[in-house]
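The two complexes that follow have chain A in common; it is paired with chain B in the first and with chain C in the second.
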Partner chain A sequence: MAVTDAEAIPGNVPEELGETAASRRGHITWPLVVGCAILALLALACIFAPLLTRYDPTAQDLLNPGAPPLSPGHLLGTDAPYGRDVLSRLLYGGRADLAIGVGGTLVTIIVGTIVGLIAGYFGGWVDSLLMRITDVFFAFPFLVLVLAIVAALGPSLFNVFVAIWLVGWVSYARIIRGQTLATKPLDYVQAANVIGSSHASIMRRHILPNVISAAIIFAMVDAIGNILLAAALGYLGLGVQEPAPEWGSMIASGQNYMVTQWWVPTIPGIAIVTVGIAFSLIGDGLTAYLRPRS
Partner chain B sequence: MGGFSYLGRRILQSIPVLIGISLVSFFLIHLIPGDPVQAMLGNHYTPKAAAALRHSLGLDTPLPNQYLIFMRNLLHGSLGQSVYYQQPVTQVIMDRIEPTAWLVLYGSILAVVIAFPLGVLAALRPDGILDQIIRALFVTTLAMPSFWLGIILILFLSVDAQLFPVSGFGDTFTDHLRSLFLPSLTVAVGFGAVLIRSMRNSVIETMQQDYTRTARAKGLSFRVVLLRHVLRNALLPVITVFSVNIAFLLGSTVIIENVFAIGGVGQLLVSSILQRDYPIVQGITLLLAVLVVTLNFLTDILYALIDPRISYG
Partner chain C sequence: MNGHNSIVDIRNLSIHFPIKGGFLGRQVGAVHAVNDVNLQVYEGETLGLVGESGSGKTTLGRAILKLLPITAGSVEFEGTDITRMSAGQVRPLRRQMQMIFQDPFGSLDPRMTVFQIVSEPLVNFDMGSKREQKTQVQELLRIVGLNPDHINRYPHEFSGGQRQRVGIARALALRPKFVVADEPVSALDVSIQAQILNLLEQLQSEFGLTFLFVAHNLSVVRHISDRVAVMYLGHLVELAGADTLYAEPLHPYTQALMSAIPLPDPIQERKKERIILKGDMPSPVNPPPACPFHTRCFKARPICGQVAPAFEEKSPGHWAACHFAEVPGVTHPEEIKGPLAQETA
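This part shows the complex of A and B:
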């Protein structure tokens, strides 16, 4: 989560009684299609990197450092001073960043949703306790807390995941709690209560479907934030460790040679921005699809 | 009278959060796998040094006791001793606070300078060409790694055009202004993007209010209405957005400090992580969180003072 961004969740109002989830779906719009297409293409390219490039991302070619893009055999050139193929590093490195974007976000949305449901549904001291905990986490700059946790656990890609899992759920807990509070007094929830449905079943069948879209829409902003975070940690030398490739650490190692080899730090940055724009488009598309009246 | 009870309640609300912050910071050091003392001393490990450090960190007592010692030191204004600098943590941090304070303030001012005109421009014709362009800029900046933007700015404006120094903080006031322009601009682009959107939405909403329509209907010029009626009222929600995003602002300065090597607290944080100087990491983490709580508190009070509609009750 880069930005505590309540405005990223449009139409924060649960739907009225009598509408089924299907009947209020909007249309699939172009941002959703384009965003998904960009992301799918990039993800496939990273997954099937061995088919697209014949170079090992860590293999050095000390006789050919700093080759410019479109050089023979090196579409995006090579880096300095090692002569490693930039395209290979970009594709293999993207695996780490995309994994954080998807894997970091997926776990936090699940944990945060459960916490938010429990807080909003049960209220009382459970709610107070859980919300004070989220207040505490919100007081820390997200990046600083993640840095401190990674510092303690030791710099590695896995520990970046762990740090995001430990901290990232709080935004979802807040969003889902707010939505649950607004949904709980609605007639159909009360009706389910009267006929004796269990708490778990009411939360799962009657509340969750009505509150989850806000969390899903926020997750698109959050995924960008997590990728930026992974890249920042890589840049600071606290994420993926050299010589393994990662977009942030590629920018860091390219920084020293940027005057003569501008493409080495520039290209991974463009990749990050592209992924970010794709997630933004998907977020816009999902908003139109999940909350058509907002 | 009502004002005091609002203030009192707001202070009371902060206390559990502050206790929580102290707990999280305290437990950070216990996240270290294995022996934290060994991790901190690294190559300098000797049984004697280890015992001394263990004692000075209070790690040789039971956990609840350790927390009490931590809290007692905290209330006495002590954050412990730096392992690397062999100085009190507060001293090491204080020595580096000036560049960081500069960056935060300078960055905030530039963010406001960028965001206000653009936010108003976008709001004048919602969904118009300008609004679309500004929106596209917003999406792009939000997806852009700040450290990358910083590097690109260095490349074009410092290395090629030689307008600004590549790094550092400078010695005099005008030096600071020049040295910190690019780092502050980098901070401002990310933070300003968030402000632009809230400014835009806020202005659009205010323009639809009855009092704005009345002011236009009675024949006041558009400029006068915009300045006197719309902007004044549109500023309030922006203050909240500013407050909510203070933590984000402080977080982004940590990275930017490292890109431009301005020698502030953020750079100290990262170098201390690499040197495994955990008391410093713990101290900075704690101080930043307390700073966020304090700034949130102050902006809430400011908001209550500016907006007469807020009830103090």
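This part shows the complex of A and C:
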């Protein structure tokens, strides 16, 4: 009788098979932990900036400009020529940059994933239509398109968001479409069809979980890109407007004092690099974590 | 139909996959995967469907379940013509017809637990509460010989044979009448194959299932089938009761296949006459005219390249498509003469 087949006897299951649900994911690796820790620390510091610094980021102290780091009362010094506290500008400014990194990327990954799923799953004219639209966006260099949109809408933080939302989904749509095309012919998707799953349920239950990891990993790179973009726009004066703090504009206004007050542009630069490294570590870690076992 | 009720009735079924090419993506050709196939599957039987890779047997199996677009002809399931049905119209019929897949690794979603996999058909048709579904899934796992406590495990925690059992449990969840088993054991170890075959036979009597059993292993098909159909290059070339087909193959292709089955006795095996077919199966993009097999047939004569042989009942219940199908006691048509194009034996 089949029921008593050797391979089906519970006791015959190898020891390692005793793992349960928690083991379905790959391993949590150190890059993931370190990356998340750095990002969480930075985010918390920016969110709770008022608790960490008693200075208003825009308050000027014209009697004390260009104070070096570790000066009394100013841990990271003050900028020149206004004497604003660099630490509080860094923390308050980080709110804008991190918000762009997270908020810009989150919206684009959702929109891009939906578009890519629909295009890849249904194929035919739906696919052609959606992909031609993405091609139009791809035909322009990303930065130039964002610059044009922000310039047209007017320089502001919100318009930077809008520009990223309008342009950024395209990459995700392409990634997800390609993954969907590769996943759709697999037997388990065919099987879902045979057991009467609807298109929506096949996309949600079978395709999305198996294609999203590529987009999530790309999103980590994309988040860095968006932060750099926000910084670049700030540097060009198209993003957050002075005197409101933002890392890119801090570098821009500090570069004239590079020789005498090097910390003014360097400290926000280090902050950008640190966030970049954190996201990139998370991306590495997620690659290992999201890979299904086979 | 000899008192048989056919559950699936395939008439003149053709499935061609278009080949798009060129600058504008126009159709430049077609893969003739299935050509003009007529076949009935009787209620309660196991119909074996054999053929080489590329013979169209899997395509035929999937087309019956409406997983592929049908180019021409019709498929009736329990008297309902499903040929032109939309995906939504076929959906209710999914409760009646199911499929077991070849690859036990590819056919289970790696991110779902056994419970999620086996209960998905129940969820799709709103059958029972979550708790009832859990009981049902455990019952199904027990039926297919798995430990019901393993309900929360993932496919990667099982062996190939165990995964195939999960796939079988999923196919049975809706209590179907008709199951297409697409080479269900060809990806498994030989020792596991017999277990799965026994399980399928046991389930057939327990649930009154009708099987279309697609395979390329003739010994496996003989073991499990009531009738066997042989396909070559998208054409049905022979159909007969399993014992008849193995004892008296009529079509030269079937004869060649039979001669390739190894015998367990080495002395007999050495004495056995083998028919070696020359060359490979022609491309289904450019199938040979008339009889699809004439390019490789050891009995081929000029007529074979000119007139397509009809798929006829050569003796009761024994169908073949060959001008020279040898039925004992039936002589060759007089008018066909000339040297054999190729004789190997």
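FYI, the second predicted complex is superposed on the first by the 266 of 294 C-alpha atoms of A that agree within 3 Å, B and C clash if a C-alpha of one lies under 4 Å from a C-alpha of the other, contacts with A are read in each partner's own complex, and residues count from 1 in each chain.
The working rule: a residue touches a chain if its C-beta (ideal position, glycine included) is under 8 Å from a C-beta of that chain, and two chains touch if they have at least 3 such contacts.
Given the structure is predicted, the values throughout are model-derived calculations rather than measurements.
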Chain B or chain C, by number of chain A residues touched: B
Which of chain B and chain C A:R54 touches, first, second, both or neither: neither
First, second, both or neither for A:H27, with chain B first and chain C second: neither
Which of chain B and chain C A:A148 touches, first, second, both or neither: first
Which of chain B and chain C A:N210 touches, first, second, both or neither: second
Footprint overlap on chain A, comparing chain B with chain C: 2-5, 7
Interface residues, chain B side, partner chain A - complex: 16-17, 20-21, 23-24, 28-29, 31-33, 139-140, 142-148, 151-152, 154-155, 159, 194, 197-198, 201, 241, 244-245, 247-248, 250-252, 254-255, 258, 269-270, 273-274, 276, 278, 281-282, 284-285, 288-290, 292-293, 296
Chain A partner contacts - residues on chain C that touch it in the complex: 62, 65, 67, 87, 91, 94-95, 98-99, 101-103, 105-113, 120-121, 124-125, 142, 144-147, 149-150, 152-154, 156-159, 161-162, 165, 167, 170-171, 173-174, 192, 195-196, 198-199, 202
Chain B-touching residues of chain A, taken from the complex the two chains share: 2-7, 132-133, 135-145, 147-154, 221, 224, 228, 231-232, 235-238, 248, 251, 255, 258-259, 262, 265-266, 268-269, 272-273, 275-277, 279-280
For the chain A and chain C complex, residues of the former touching the latter: 1-5, 7-8, 10, 13, 17, 19-21, 23-24, 186-188, 190-199, 201, 205-206, 209-210, 292-294
